[in-house]
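Quick one: structure below, then a few questions.
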Amino acid sequence: MFEGYSLAELGSIFAMQGFAGLILFSVFVLMALGLAIIFGQMGVINMAHGEFMILGAYVTYLCSTLVSQHAPALFPVYFFVAMILAFIASGLLGMLVEWGMIRFLYKRPLDTLLATWGLSLILQQIFRSVFGAREVGVVLPDWLMGSVAVTDTIEVPINGLFVMALTMAITVVIYVVMFRSRWGQGVRAVMQNRTMAGAVGINTEKVDRYTFGLGCGIAGVAGSAFTMVGSTGPTSGQLYIVDTFLVVVFGGAQSLLGTIASAFAISQAQSTMEFFLSGSTAKVLTLLTVIVILMLRPQGLFVLKVRR
Amino acid sequence: MSSDKTSGGLRSPFRRKLLLGMAALPALTLLPRGAIAQALATDAVNTTKLAVTDSTVKVGILHSTTGTMAISETGSVQAEKLAIAQINEMGGVLGRKIEVIQEDGASDWPTFAEKARKLLVEDKVAAVFGCWTSASRKAVLPVFEQYNGMLYYPTFYEGLEQSKNVIYTGQEATQQILAGLDWVSKEKSAKSFFLIGSDYIWPRTSNKIARKHIEKNGQKVVGEEYFPLGHTQFNSVINKIKLTKPDVIYASVVGGSNVAFYKQLKAAGINLEKQTLMTISVTEDELLGIGGENIAGAYACMKYFQSLKNPNNEKFVAAFKKMWGGESVIGDVTQAGYLGPWLWKLTVEKAQSFDIDKIAVASEGIEFKEAPEGYVRVHANHHLWSKTRVGRARMDGQFDMVYETADLIEPDPFPKGYQ
Amino acid sequence: MKQAIQSGSPFRVTGEMAGVLLLALFIVVVLPLGLDTFRLNMVGKYLTYAFVALGLVLCWGSAGILSLGQGIFFGLGGYCMAMFLKLEASSPEATKIQSTPGIPDFMDWNQLTALPWFWEPFHSLTFSVVAVVAVPALLAFVVGLAMFKRRVGGVYFAIITQAFAAILTILIVGQQGYTGGINGITDLRTLKGWDIRTDEAKLVLYFVNAALLIGCILLCLYVRHSKLGRILVALRDKEDRVRFSGYDVANFKIFVFCFAAALSAVGGAMFTLQVGFMSPSFVGIVPSIEMVIYCAVGGRLSLLGAVYGTLLVNWAKTLLSESFPELWLFAMGALFIGVVMVFPNGLAGLYQQYLAPHVKRALSRGRTIAPAPASATTSAIVPPHTAAD
Amino acid sequence: MSNPTDYLLAVEGLTVSFDGFKAVNDLSFYVDANEIHVIIGPNGAGKTTVLDLICGRTRASGGSIKFRNKELTAMKEHEIVKAGVGRKFQNPSIYDDLTVFENLEISFPRGRSVFGALAFKRDAEVRDRVAEIAEMIFLTDHLDQRAEYLSHGQKQWLEIGMLLIQDPELLMLDEPVAGMSVNERKKTAELLNKIIQNRSVLVIEHDMKFVEDIAHRVTVLHQGKILSEGSMERVKNDPKVVEVYLGH
């Protein structure tokens, strides 16, 4: 496995692979955070999560095109505006979906799964009709391109660094919102005991709507960030959904920390295996490992033992 | 019977003019219907009950207009329709206007087979222009062989196939690959190659041929990697590329993965102006999605580029843009799609018959001098003799042709020594 | 009152049998008379999906276990059949232009010089037919054993089966030397010398398929009316109560999962025979979840509904994709949402609600004893809130 | 571990903790044959957890549960049931979508394996037994009715009936009269008195009147430990018990 590489080379391999793993980790975390909130906190299976991401990506694409045409001076910073708009667009759509569909389906998780799959099909076709079937690319500002050479053999792509920084920032914001703010307290109260939370004056319907919107909004930001590393097409969202769900389930649905830990484990495993095995084999092995571990520990990595 | 002989003796352009002129004569309308047909008796040119009347002939177009493949196949549909429109403008085939029945394969292989059967059994079309992926072709092939239809298949593909019922207007793998490899070895003094592709039959077979050729030339393959279709994380393999420092990255990544691959290459600091990358899977169509800034400098090995400088191509590009809009781009497969109806027309006229069996035989040696890619000729194995060209991707989404083979390359779908 | 119980609600049983008879009449007589060979062959293809839908009615409708990986079993059944047919089509004479004659063409392209060991037994038709059912059932058994014994259920089970579908697709596509890759196993010609591509063969296969389907429906009815069927419903409602009534719940779930897998596999094998090839595009996530919608549209609790649902959805798909291709995804999406939110019991539910009372009245007019009002038990409509909990 | 005992059920040193919180802590108690043993205690004392532990729903962190000298802690739920332990849940746990008859039939102790269930025949023995039990639980007239449409009290009876048809040696009832009307409660007490003949019963109950009526022995739990044990009379007068439970 290691033959043919010198020690120094192996060192750089592991450093760069570690970094590649970290980028993948960031990508997973971004994808999974929104889902962890929706699935973990609300118990809703949102199969259209990928499409909410792609909506964010398309918003970014629109911004990129508009800004480069009408305000080229602002181009270097358009990305931040695009992310905010992506959050708002996906979040609003999420709230609309919650209001029109999800709220009738609480307590029927398998049915939300089917209904949101239907939603994902509709969104895909809308994307196709509006933006065309062809994949669109987003032009990145120059400062996001290229890489930083740490040593002769170790180079770190800047957009990777940016995605990582963004991931960290979003994670911190979510942590503060969910665990430090009064609103987050309300959300957790509703999720733990709906009736009681209602009784003490929390508007549970509103909490549901905003929570779902928040989860979808984060998906939008994730989609926006993905335009830097991946492609945006009408069906791109579907590619992510299984991976994302496995990350969330593997982490233990109720725990944000678990989601992060599981994203880390899966991304490092996949990235390392990809280096030594072929891409397809790595993917199969990663998925299988996750499934086997889930069978041994169905509640996921991190979960509170509760009294039934 | 005698009239059949007469018309057979006429050279086709002359006959066409003659017929058009005759049709214009008001006196002729007084003649019984059979009188016109006598010139090209339908019974004679169509002995197998195809959908050919005295004035029309039906053909099928079978591509995906929905689903994941729709985007790739749209160009072929447009090119085929353009060719058919042009042929009709010139008077049709054996004096018969072409009527198109278009079916949607919906990116789903059984649907392709089902629709192929419909076209052949229900509509009895004289030819079908269609299919894009190998999988769809494999699915319809038994149908064409069973019901004796004729398929014009436009995509460059892995080879290893030959059928009486298919004309392959795109290149098979050795045509596309070998000349390009030789050029890059000579031009860039390349000694080592890194092969990377999507995980399915075409990239794997192509890379197999490439590897054999590379090793035969005494050069080295330093890596060969495949990723599932739709894969979007290439950082690991890019690290591997950086470590193995190949002279040439040889890429056959397709679809959505393409965008991610080139973006991440660029982000990882691999400058394609310095690092030689040769791809066999990026045409002008794909360039649009990848974005010129991400791939500029890469070499693509194809038989056609939209920027080719020759009168045929200029006419073709102008006509295409007139019909489908100035924004449209034309890739290798689109051009190959355009060849299909023309080759069929020429063959029908050579055979003086729509019968599939006759077309299959008459196809050998058919020459199409007005082809946008230049002169092409049909080989006995139903593939085309064609040149191989190398183009360099530009920022604006076009290619600059940097090399073309001097001669037409013989198609060799079952290459000895490469299997 | 007591009489009604002891005879096991006579109306329901005769009613259901009448339904099966009606369906059989529709498939075996009406459709072949009304459609040309081409369309009939398409219906034959749709009907192979109905096997999957039947399995889902038991697995998901009765027992509440939603599998999003039924395509795996459909595909495996189809592949087992395809392997046999491919070997027959790859006789040394037919493949003499290959570098290694006598092996399937795609193996030759991939430099395989000998038939892989797991292909060898597929020279035998008997083995292949057994494998069609046994291989998927065995896989379902292993997966079921691992999951249900560990009490993985509900949403988790759904997601994991979906991941399995993804894995299997990647494997089949990646191991193209052994599986035919993304193209699948194509160009299948004869079954024991009998050309399966002719119109007559297709007609015969259609009737074989129809007969098998009716047979499977009767089998499913038997399972449903057995105590096992009631236990499945019971464990969907109150799993713990079943467990504390002395049942090993996991075994029952494994059984129904394997049973559904075997049904899907039969459908897959018939698909291969009728369509003439098998490819990984039937194994993946999207076809698997589409198969769920066939069942949902028909009514997740109704075996007959599942067959009608499958026919209806596929017919609509063909119709729409022929005339309004862009609308198809909208229609499909709307179908998913509608079937969940507006009519969770599908066609069967609509029938029960609007038509059944009239039918019953018409039927009972000629009878001396009126059916007991509470006789519609297991086949009755389950209120939405319990249907998938 | 310990020596064979004459007790039907011997719980010794039973402990279970959830994330460090000891819901049941080193608990020991015994149930004799034909004894009606009631567990009382304030909310959160661990009463239901004890039943969960005995029937295998929750796994013990330590200690032993012996039923007729067979260790239950290592057995699976359905094996425990087959050994002769029946358990009724706090909320009526019946199958809403099945009829009363079918509810009872499923609990009939025959054909409990997969293939046994497939081959199961509804013969005279089954019908007679169901009829017998139905009469006992006052549901003879409801046999064909979907269980969903029963009243709350009737559902409780049905679940008791489902246990009875198994004929367990040890019957565990979690608050059998909770949420019942006065009339239903009276009938239930009557029913329980009938069914506790010839078997041991472990009951959790809050209703002191009811407990006094039936209990042979009472165990008072508090914070996972035994606070007091003995006859109702003794327990009632135990100052510790009065302080934590009965006082208010």
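Going in written order, the chains are labelled A, B, C and D, and every chain counts its residues from 1.
Convention: a contact is a pair of C-beta atoms (placed from the backbone, for glycine too) under 8 Å apart; a residue touches a chain by one contact, two chains touch by 3 or more.
Chain-to-protein mapping (UniProt): A = Urea ABC transporter permease subunit UrtB; B = Urea ABC transporter substrate-binding protein; C = Urea ABC transporter permease subunit UrtC; D = Urea ABC transporter ATP-binding protein UrtD.
This is a predicted model, so every value here is computed, not measured.
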Those chains which touch subunit B and also touch subunit A:
C
Of the chains shown, whose Cα centre falls closest to the middle of all protein Cα atoms?
C
Greatest Cα-centre separation from subunit D belongs to chain B
Dist(centroid_CA(subunit A), centroid_CA(subunit D)) in Å evaluates to 47
Subunit C to subunit D: how many Å between their CA centres?
42
Cα centroid separation between subunit B and subunit D, in whole Å?
76
Which whole number of Å gives the spacing of the CA centres of subunit B and subunit C?
39
Give the residues of subunit B that touch two or more other chains, as numbers and ranges in rising order.
199, 226, 228
Subunit D: which residues touch two or more other chains?
57
Could you list which residues of subunit A touch at least two other chains?
278, 280, 283
With touch defined as at the start, can you tell me which subunit B residues reach subunit C in the complex?
65-66, 103-104, 106, 108-111, 113-114, 117-118, 121-122, 133-135, 138-139, 141-142, 146, 158, 160, 199-201, 204-205, 208, 226, 228-229, 414, 419
If we count contacts the way the header does, which residues on subunit A are in touch with subunit C in the complex?
45, 101, 104-105, 107-115, 117-125, 128-129, 238, 242, 245-246, 249, 278, 280-281, 283-284, 287-288, 290-291, 294-296, 298
Which of the residues in subunit D come into contact with subunit C in the complex?
55, 57, 76-78, 81-82, 86-87, 89, 93-99, 101-103, 105-107, 109, 111-114, 117-120, 122, 127, 131, 141, 143-146, 159, 162, 166
Give every residue of subunit B touching subunit A within the complex, in rising order.
68, 70-71, 74, 199, 225-228, 230-233, 235-240, 242-243, 256-260, 263-264, 266-269, 285, 288-291, 293-294
Give the list of subunit A residues in touch with subunit B in this complex.
5, 9, 12-13, 16-17, 19-20, 23-24, 27, 132-137, 139, 145-147, 149, 153, 155, 157-160, 228-233, 235-236, 239, 271, 274-275, 278-280, 283
